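By letter and in written order, the chains are A, B and C; residue numbering begins at 1 in each of them.
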Amino acid sequence: MQAIINRAKELLADGTVARVLGWKAGDLPYNPEPAYFETEEELKDFVYNGFCGANLSKYMIEASKLEGKTMVCLKPCDTYSFNQLLKEHRVDRDKAYIVGVGCKGKLDIERIKKQGIKGIESIEGAEISDEAETLKIQTIYGEKTLPYADAMLERCHVCKGKEHMVFDEQIGESKETKDAERFDEVAKIEAMSPEEKFAFFQSELSKCIRCNACRNACPACSCRKCVFDSNKFDSSQKANADSFEEKMFHIIRAFHVAGRCTDCGECSRVCPQGIPLHLFNRKFIKDIDELYGEYQAGEDTDSKAPLTNYTFEDAEPSIVGKRG
Amino acid sequence: MYKIAKENLSALFQLIADNQELYLPVKSAGQTNFAAWSKEAEVDLDTLKTVKSAKDAFFPQSEGLYTVKKEGKKMSIEPESLKEQDFVVFGMKACDVKGLEVLDNVFLSDPVDTFYAARRDHGTIVAMACHEPEETCFCKVFGIDAANPASDVAVWTVGEDLYWKALTEKGEALTETVKELFADDEAGEAAVDAEKEAIHNIVEKLPYMNLSLEGWNGNALSEKFDSPIWEELYKPCLACGTCTFVCPTCQCYDIKDYTAGNSVSRYRCWDSCMYSDFTMMAHGNNRTSQMQRFRQRFMHKLVYYPANNDGMYSCVGCGRCVEKCPQALNIVKVVKAFQNQGGEK
Amino acid sequence: MPLENKEFKPKIVAFCCNWCSYAGADLAGSSRLTYPADVKIIRVPCSCRVNPMFILRAFEKGADGVIMCGCHPGDCHYSTGNYYARRRMTLLFSMLDYIGVENGRTRVEWVSAAEGVKFSDTMNSFVEKIYSLGENVRLGDLRCKQ
């Protein structure tokens, strides 16, 4: 973390960048927020630890409109999103100085609390420099320990790899966190009967409160005005008026980012109701991989996206019933 | 003071539900929210904070107002009926109860919101003292006592027992209908007093409980409104509506129409000042930037509302926004930011 | 099944491209071929005009089945429109299957302007399929059913 701060100070001092986009320490042990730093003085609050899960590449859309370069700290998975935004001309490469920061898996405070840990006073082991495999959590109800892996975000268990896809320089070490297959959950649902599938999604999506956090956090959802925000359109946009609307919203949203979604996992991370929204995106990714060849959005900036491409031999839609 | 063992609670819920609707925290797909009780429902009284507050029971996220139907050449308007059955909300917390007071000031003052008023009339609140408050709580800042909810019936959990005390007439009436399940326990006072003290001791230790709201009042309008701090604070905000939708006191709503073939239903749904179409009018929107929208939320809670309601804030310190904001922004951080920069104004 | 289910009148939406399938429907008409009146045709300039939202909206408002027809791959009036449409619909149908909507409520069929017979056969078989599946209860908006 200190290395990032030192480098940020240098870059600010020599005028390479006008501001630094990173995370600012919060007032609880686990709530750092994304923030801009413009002076050396402000950088005293800079933090980079296990709770810095937010994907900062979306902020670069706004930062690209500002005067001067922005130094942005991107984790390996965030760089896919940045690449994808670059491909869609939503960010300006010349306005970004990308520091690829190391990652050893990001923590999920919801998951920690779900394991009965409350009244948190301090958390040891979340620092990026810590080699510890366990978190030591001091609470007013006593000390608790938790294996690091049991506190990680879902996306880190199926990590795409710790390599930065785009960067100007890299700071910090990473550690492999992958311990599950990315499409296992999807395959499990595919194997269910239609009734079970329907019941599963009904129970998950009925929790949706239409807060739009998934959409607003999503780096692929970069439309200036979302179709669901249109007032010329009688969708219930922000009301949980009917369970169909929730389904439509999530299917259409996933469809709109199909082939562009890098599977960064922000949608599931930010959902206040803990809906596993990545299951929609991953289903599209799995289908695309199987039907049109493996494709990882954000891996490069020049390949054609699967949905803006075709071959003469593409499968017919009737394959859906035949695949079983 | 009455007492009932935790293991007999399902009998209690059954008995209440025999006579009226019962809403309580139910765990479904991993999250606890207020929902109607049923035999199969997984009641969860251990989770301190439901994701959404109990506001839904009195002011649902979406509710129909009326439907216009067309049959042949005839048009008819069918207004939605008001709540007519009694219902019980079990397991609210002191902060949620206070949140209703905030809503009352808005919906029960002239012109009275009849939908809300009917629900308030028919609802009986059984609130639980917070057995284990958490670090995100700051109810004490607003003069709320987590150990003594100001509801119709207050409930305390002590070990394997639940202590029950009616505080209002409505509460007495509910108690009468379920009394058969209770044991009278005069010694219970002592146990409950010990629980209250334990809660107070924990509350003292929580980091947010001594937050100072000095300077935030109805007269601070221009000073706060014009502060340059907002420009810094709003930047990480994603403009989602999570904070407003989980909040027990946010009361803004929008009215929308839904066309269903040969009928149109008009309904209202919660709105969020974070959204770009909030208070959108024919001429456009009066808050054009996210900074203005972000500022609106906190100004409303800590300045505008107190200005119109004898200094009462429209925040109750439940800490849901603290827990749920995707980017870890919240009202506490806003208040603290103003404190830290107070000297540099 | 259709006999037991006499009360059920399915609503079926067919999106037909202007250049091939709509003309195919025309030909079916002028050749006096029949297909059930339950099918309501919506003409679109090209099959790739069909946004996934159209399909979901149709279900929302009470459709029991949605079929999309376009020019045969390779014959698109705009050269490549139906190739894109093919990918989109494949993915969308797969998603609908994934969330538990009965397979068979959606279909894509390529019908040229000369294939009046194919058009009427397709519609007949699709309507029959929808009769056998019954009413669409999983994808409709409840407010439209009152």
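Here, a residue touches a chain if its C-beta (ideal position, glycine included) is under 8 Å from a C-beta of that chain, and two chains touch if they have at least 3 such contacts.
If you're wondering where the values come from, they're calculated on a predicted model, not measured in any experiment.
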| item | value |
| --- | --- |
| Nearest-to-centre chain - CA centroid comparison | A |
| Maximum centroid distance from subunit C, chain identifier (CA atoms) | B |
| A-B or A-C, whichever has more C-beta pairs in contact | A-B |
| Rounded Å distance, subunit B centre to subunit C centre (Cα mean) | 46 |
| Subunit A-subunit B separation of Cα centroids, rounded to whole Å | 30 |
| For subunit A paired with subunit C, centre-to-centre distance based on mean C-alpha positions, whole Å | 37 |
| Residues of subunit C touching at least two other chains | 141, 143 |
| Multi-chain contact sites of subunit A, meaning residues that touch two or more partners | 241 |
| Residues of subunit B touching at least two other chains | 258 |
| Interfacial residue positions of subunit C with respect to subunit A in the complex | 52-53, 56-57, 59-60, 73-74, 80, 83-84, 86-104, 106-108, 138-143 |
| Partner subunit A, residues of subunit B touching it in the complex | 28-31, 33, 48, 51-52, 61-62, 132-136, 202, 205-207, 232, 235-236, 238-242, 244-246, 254, 256-259, 267, 269-272, 275-277, 280, 322, 324, 326-329, 332-333, 336 |
| Footprint of subunit B on subunit A - complex, ascending | 26-28, 31-36, 54, 59, 114, 118-121, 140-141, 203-204, 206-207, 209-213, 215-217, 225, 229, 231, 234, 236-241, 269-270, 272-275 |
| Partner subunit C, residues of subunit A touching it in the complex | 189-190, 192, 194-202, 227, 241-245, 247-248, 251-252, 254-255, 258, 280, 283-284, 287-288, 291-292, 306-312, 314-321 |
| For the subunit C and subunit B complex, residues of the former touching the latter | 61-62, 141, 143-144, 146 |
